[in-house]
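Letters A, B and C mark the chains as written, and numbering starts fresh at 1 in each.
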Amino acid sequence: MELTLESNAFFLGVEYLAIFCSGLMGGLCAVRKGYDLIAMIITAWLTALGGGIVRDVMLGDVPPIGIADRGFVITALASGLAVAVVHPEVDKLRWSMLTIDALAVAMFAVIGTEKAILYGTSGMTAVFMGMFTALAGGLIRDMLLNDVPLVIRDRHWYAVPSALGCILTVFVCRGAQFGILDDTAEAGLDVAIVILIVALRLLSVRFDITMPGAMHRSEP
Amino acid sequence: MELTLESNAFFLGVEYLAIFCSGLMGGLCAVRKGYDLIAMIITAWLTALGGGIVRDVMLGDVPPIGIADRGFVITALASGLAVAVVHPEVDKLRWSMLTIDALAVAMFAVIGTEKAILYGTSGMTAVFMGMFTALAGGLIRDMLLNDVPLVIRDRHWYAVPSALGCILTVFVCRGAQFGILDDTAEAGLDVAIVILIVALRLLSVRFDITMPGAMHRSEP
Amino acid sequence: MELTLESNAFFLGVEYLAIFCSGLMGGLCAVRKGYDLIAMIITAWLTALGGGIVRDVMLGDVPPIGIADRGFVITALASGLAVAVVHPEVDKLRWSMLTIDALAVAMFAVIGTEKAILYGTSGMTAVFMGMFTALAGGLIRDMLLNDVPLVIRDRHWYAVPSALGCILTVFVCRGAQFGILDDTAEAGLDVAIVILIVALRLLSVRFDITMPGAMHRSEP
């Protein structure tokens, strides 16, 4: 059972890049709090691969890729080592890193959803699996470092673009399954979805568009 | 393999109610801390269905009901949306909500234990599964919001009535398996166990009966 | 599929001891924070068996030993009850407890790695499984009590000796599989690895040898 994205060398390269960048962002959280090298490696690995681990456990695909795929694991651990050296550079690139983080989240969302569909889950379950892949890694990292996770704390669009992307990915997968879309069209639409998720996230931060909170109602 | 409780329309309705109320309580935690709509939906879903997800992962029944059952998922997400509007009412109903929360916990305990027994686990494992179903959702929510979970913090009876209820449920299931109890008797005893758990919890809060802490011993 | 270590009465006895001591350490965290008996039992159980539960879920060996093995569960719960009484003694034995905790971590690392290898995972996956068994219990406990986990916070060697021990264990297992080592040699080497992990941990604390943090670089 081969994943369309993973069987393609270009997409595989992009996925390694997403894991590495995601790991850099994760390790940076440990650097900022003054923890040691081990903490950097653990947070980098969890941020990059923790979401996929949650997805695989819930799909019953054990042992999860996040501890079983040599290439992914080495990439994630390497990002934790790298951040110990390059953290001042990573810290300075606020907008670049925001973009790369958004890109990693977007790719994880699409890949996670596609994997679930290939395992034969329903569309709704696949959306959850995509969301887990995209968001659970950062969430576990923040719980570990005793922070309230970004997805809870940040009022900018973070979960919503991912959810939208996962839902669109389900439609694309269904289109491919029913023969409406060929491989090229599917890959093209996947890329479009990733771009959409990233664009929504960046627009939200740039123009400070936030999610509403609870409705304020005057007491009668 | 049909669950006795779930095959019964009345109990199914009560279960939806438990999920909805549990979700309202969960979402309220996010409202109180001033988080956004997404945070409300996530905390509502986790509180209502997180325990069942932990149980299903440990039973190997994947993908878990908490991401695969359309009715349950929609109910949980809807409770997160609802709390954004009705939070002042929910907040005011302290005793009603305490009762409903206790009721949800009690029902999750009984349902979780029964599901495990139907999957052929030992009685002890089934008690753990019931406890996970009842308590793990709120526990994950509190970890996410950076609180010490209620089950750890609250000295009133919370885990103990659930544990007692799970153990009694195991005996009831064994009674049904050995043909001592018929379906009606089993359902009746299940309801009695739920009432017992709720009663113990409410009595404990009402009369401020708490669990003992560590033994204080004078230094020799 | 019998584990070499577990089929041996001596090692089984040592494992019960490790679970009990690990539980004492875990329960003590709840005592120090003034929580009640239930909190002590939960933290003791999670510290002692939580790591094995994570390992078993990731191996697909469900329900996990931590909720299914009667002897282990009773030992863990008993340690939570015991700590309510003996906490002043446990608290005073700083070096003894540090040693016993290191011993428990070391044994869990070796046992966890061996179990994974017996389930046919790759060496890398087995190292992760060993690390989960050794460290995940304490990690979940600290997240529950709203602390940053020891493995992140403590700059002394904690994860590194365990990782080294897990890697060595993989080589020993491979040696046994290829017929280079007989049962006695394997058991002997396992003991040597446990001693090595404990020694590295204690040396690190005694002589205050710490892991490096992020590289400090002067701004150009």
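The definition used in the following text is that a residue touches a chain if its C-beta (ideal position, glycine included) is under 8 Å from a C-beta of that chain, and two chains touch if they have at least 3 such contacts.
In this text, all values refer to a predicted model and were calculated from it rather than measured experimentally.
Of all residue numbers used at the contact between subunit A and subunit B, under half are used by both chains, marking a mostly different-residue interface. Think of subunit A turning onto subunit C: fitted on CA atoms, that turn is 120 degrees, to the nearest 5.
With centres set at the average Cα position, the gap from subunit A to subunit B is 30 Å. Among all residues of subunit B, those that touch two or more other chains are 57, 60, 143, 146.
Contacts from subunit A toward subunit B in the complex involve residues 57-60, 116, 121-122, 124-125, 128-129, 139, 143, 146-149, 151-153, 155, 158-160, 210-215, 217, 219.
For subunit C in complex with subunit B, the touching residues are 30-31, 34-40, 42-43, 53, 57, 60, 62-64, 67-68, 70, 73, 83-85, 87-88, 143-146.
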